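One structure coming up, written as structure tokens, with questions to follow.
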């Protein structure tokens, strides 16, 4: 969901991610970290985890949003400068997954913030996360094409 | 006309001070215009002396009461009792900057000091203070030196205590008066000792006659210690914080310069009065130098460490004054220590002179940036109604000019290029290390501590969210205050960018005036 | 250099150092921590509540996802509790497989922790190194169970998959790898000068406090409390392992002081212990079935006939996990209670924060290896979205009401 | 300390642990790559891997056992008319699935199985790639999970 | 005429070259760090991609920030870093190439010492002005580091000056040109060499501390205070800061090279490369200089940062203020004694 017509082109080679845990079971979170490990080494694509949403280009959201953390999620999302992408990692973030009937869940995430790529799996393998990032590149490319066509 | 300039420079403000009550009758604005023109006149007259003295290396003598006042009698006058003004490079340098700071102080006070019945006295006192400073810098006569010192002290004390409606200023003024009168009485004792021996007050005369008796040394101590005390060097620095922090900001700015005038006295006495180019070793310069150096290093260190823990912005700056005095003492102290040393002045030429250049350059730099910093502190206090740093926040949002002025002042005092403080510190570092490398290391370290403590002020008072509720005064700054700070900034920048010119045209002549060995 | 005496510092709930949302509210003076308050509840997902709507088999997968890091601990404790209530005897081979899986998980969890701890103190190379070693055990788990994390292998009455002989070489290879790499890794982790600088004498939990605050797991062991459920209340294959004893910093020749470094020692040495246990299980693996009832539907209907209660205790990598279940002729438990290790250890933070600096906060927090996910007991959200905090009196009233409701 | 430094230098000079899936660097065109470009394979998974579900529409009898056991409510039934008899068939929403394989185990007709695919990311969580089951799944209304 | 052109073009050239080279070094640094960690790592040009991306990102100004300081700080940091680089490398290259230009005397060690503080001060002000508590803590820590690293740095500076004034009476002893033309090692006995080693050892800590790299990156410690100083920066301001960091690290490494390994090509080999009537020795010198820079960068920044954990700020202060100062002081003593003995 690209909201503004800002060129996303440069995002492709340099994707700084902020990891946002909104009440996950940690499995997806450690798989995100594993994606950065030597075995998968997401940094070779210019991906790195940053410590503050201000530096981020992409939010990696895990976990379905609990009631208590809802506001923080929105705040973090607003802190990320445009243009930004949101990638949801894990089944429970996309659809509440295994926590369907919980009263404490405000999720899934796309109820609050626009999501660009969903990576299902519980948890997804690191390769699946890399694949999800490839999907994000695809989205960037498409938006580039659209921008190119429009101008 | 030109030949009467020396006396006019002192007489004009003095007379102005006396006629001021009359001018006041015409109204506030004419009075201000009048005083402003007096300050400008003093400045212009002083500037007009620069070419003669600094470029052509002349020394002006002015003998009051002589038929032709500037008829140059041979060095060391035959008739010792006469009021003699002697203007060399050093005196002029100090006087010029005293006058500039005086002008700035007046401009800044324009709206800063509220217009009430007492404003008149305030202006008169400012004028007297100027008279005191320039007078003691111009005179070549020990007794007059004492008189001008007294004028200076009393006007300063009155100005410090000026805000009698508050609790602390009268107390601080009293304290200052006490310190000053103690100092001046000792000084008078020293003067008396000299007079008893040589029957003259004339410095050049005494210098020529000097026979280096024990009494001379006692006299030297009696005269130097009080002056060092008035300059705020460790260990006699305790009054500085109280006085500086309670005086109105423009007065504090001028007080800094007044302290430098005392420092001028220290150097003037140790060189002109007691220095001797002909005698082999008049006093043990090496020891004297080391004493001054140690005092300098202590001042530096104690000043800055005390400053680091302050929460009151004016006290903090006051302690930095102590610390900065240390740099001057260090520079000049090294100069003195190797002056006419065992190697016949080789060391002095190699680096001693440079160290003195640095020290003296630092004196004028300090009066500029320290003055500027106190002026910005004045703005802070005006805005928040307190000097407590904990109660200030977010000034940079609205007082952009003050913030810039503060940054300029803070970077200058911390010795960050390209501001003036750096130029003089650089010279000090690069010369002092020849004498003793560790002195340079300490000086550099203190410099960074200074920076850290001003970063603290910057953070506390200027940055952070804007808090309208804390402000007691939300009006735009009066133009006078802005102009005052602007002038200071300008000088700091000029002296920082073109230090070579300043050294060549102002500092070198000053040293030439001090040190006759050259 | 702040001009104020103390100032508040909020860390979390979205802080880069903690992958989980939890908020710490500190009062800081200079760089020193004065007081600390912890705000939980950001990951509260009402697991126990959901569990009451589900059947016995579904709950397994829900419990796995209380926390994905030691995802076998909660189902294990749950299975043990239900098996106790229903008096189901687990086949010996299943017990050994359970032990192997549990220890493999401990292996991966401790390696993960070491990496995270290194990351907290800015030593990313070590972080990457340990996590790289860890990939091996994840591969092994994936081969055995079909998933890298959240293995879904336990079931009530046994395990769902056998470790068939063709998988032995995989397991053996993994063991050899770790035997091979352990000594070097131990040196890299424990002998590094900068790690010692950062970890020694930081976040101290004294022996007395460890007892008083009921610390569990490596946190307790590092403070010199020899507490290990595997030894104290052995289940699965543990009763057969005679040499098993709680690891202590003494094993590394260090008097237990209860600082972060001790916890590091305990965990690193437990890695070796786990390898040994797995080795033991492989050598002594009994033959036979791995499950009393492979059909889920049948198992549910068996359990539906049961009335009773059971407690399961299991030593998770972080300490004791215990589950309490009441079975009452339903498809699922009438009541389920989870007590997770961070629930005990979290309280010890308060003691550990004595005398630490801001820079120590992450490593001290990480040192108990928290996974807040399963300690988040409740958050109170009223319909208007306005939050309020419950006092202990409120909680008491509510629990009395609930007990009455259930009891009748 | 020395051991660590030595080890890290050793790593510096030895082959790297990285598996360059899917390509070594960011490709110039991801479209081409995904449409059958030269993809370096991911680390192989074992036979027992629990990946994407496969469903045999023909064999299924619509007994709803799988729906009942699924812990994530990832399986939904919808009515069909098969051989002029009313029956039911299932859709599986992969974005909900926890890959626990309980449904595979329970199915009386063995019409569910798990493949090795796991790269399932997509722009739409209920998009074609993420739903297994009905060919006409699009017509079948996706129940908004947020609606309840 | 040439002098004039040189004077006018040089700053622009150093600006571009400094940023490009600084970013390139960052790229190489990341690549090599990745190698240490047994992975492929990002492409060497990654920092350029990052900059390109940051430049087109939205730059958010936080609500509480003092806008003009917040915006001005990164620009100041960058420009002062470039200035620093000019002060350090230009005199050296002028010296190597033998061009006589007034800038030859520019590289004064004390000027450099103080210009070195400007980027930090700018960033600290920017961090303070952002209004974020994390940034404020980071800024405080940065100030502490700035204070602590000053002492050993001052000692080193003075040591070089004393040594230079002993070696060459008439040369300006703080000038980098003097230092470059009289490599320290050449004129020293064994004791002096040991002293030089100790100074070099102190630089192993000073360089990371000045360039805020692990183990001295307390100011932007990610896991403690969420990037600290930089926490609120985004978009092009962040890009400026990154570039400033690159340029400053480059400048520091160049400084280390010039102080300790100033030898030109001819100094080392005694050869001059000529061909076709041209003298290519300068080109060889430039290449040699870059090789040295890369080597020193690799050893002092990359290697140190991959084998260490971050110190606490109190530990960092203690290490710099005590240990490293003592190390550099003993370096001074040894060199002084050496000069003294050889003078006998």
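In this document, chain identifiers A, B, C, D and E correspond to the written order of the chains, with residue numbering beginning at 1 in each.
The rule is short, and it goes like this: a contact is a pair of C-beta atoms (placed from the backbone, for glycine too) under 8 Å apart; a residue touches a chain by one contact, two chains touch by 3 or more.
In this text the structure is predicted, and so the values were computed from the model without any measurement.
Of all chains, the one whose Cα centroid sits at the greatest distance from that of chain D is B. Distances from each chain's CA mean to the overall CA mean are smallest for chain E. Here the CA centre of chain A is 37 Å from the CA centre of chain E.
Each chain gets a centre from the mean of its Cα atoms; for chain A and chain D, those two points are 19 Å apart.
We define each chain's centre as the mean of its Cα atoms; on that basis chain B and chain E are separated by 38 Å. Centroids built from CA atoms put chain C at 70 Å from chain B. Those residues of chain C in touch with two or more other chains are numbered 1, 16, 61-62, 65, 125-126, 128-129, 132, 135, 150, 192.
For chain D, the set of residues touching two or more other chains reads 4, 8, 11, 16-18, 20, 24-25, 43, 71-72, 98-99. In chain A, the positions touching at least two other chains are 13, 37-39, 41, 44-46, 50-52, 97-98, 100, 122, 125.
Residue ranges on chain E touching chain C, taken from their complex, read 33, 36-39, 133, 136-137, 140-141, 143-144, 214-215, 217-218, 221-227, 306-315. Interface residues of chain D, counted against chain E in their complex, comprise 4-5, 8-9, 11-12, 14, 16-18, 20, 24-25. Within the complex formed with chain A, the residues of chain C that make contact are 13-14, 16, 19-21, 41-47, 49-50, 53, 61-62, 64-69, 71, 112, 128, 131-132, 135, 138, 148-150, 371, 373, 379, 381, 385, 387. Those residues of chain E that touch chain A in the complex are listed here as 30, 34, 37-43, 46, 49-50, 52-53, 55-60, 134, 222-223, 226-227, 230-235, 238.
Interface residues of chain C facing chain E in the complex, by the touch rule stated above, are 1-2, 7, 9-10, 15-17, 31, 118-126, 128-129, 132, 192, 194-195, 197-198, 357-362.
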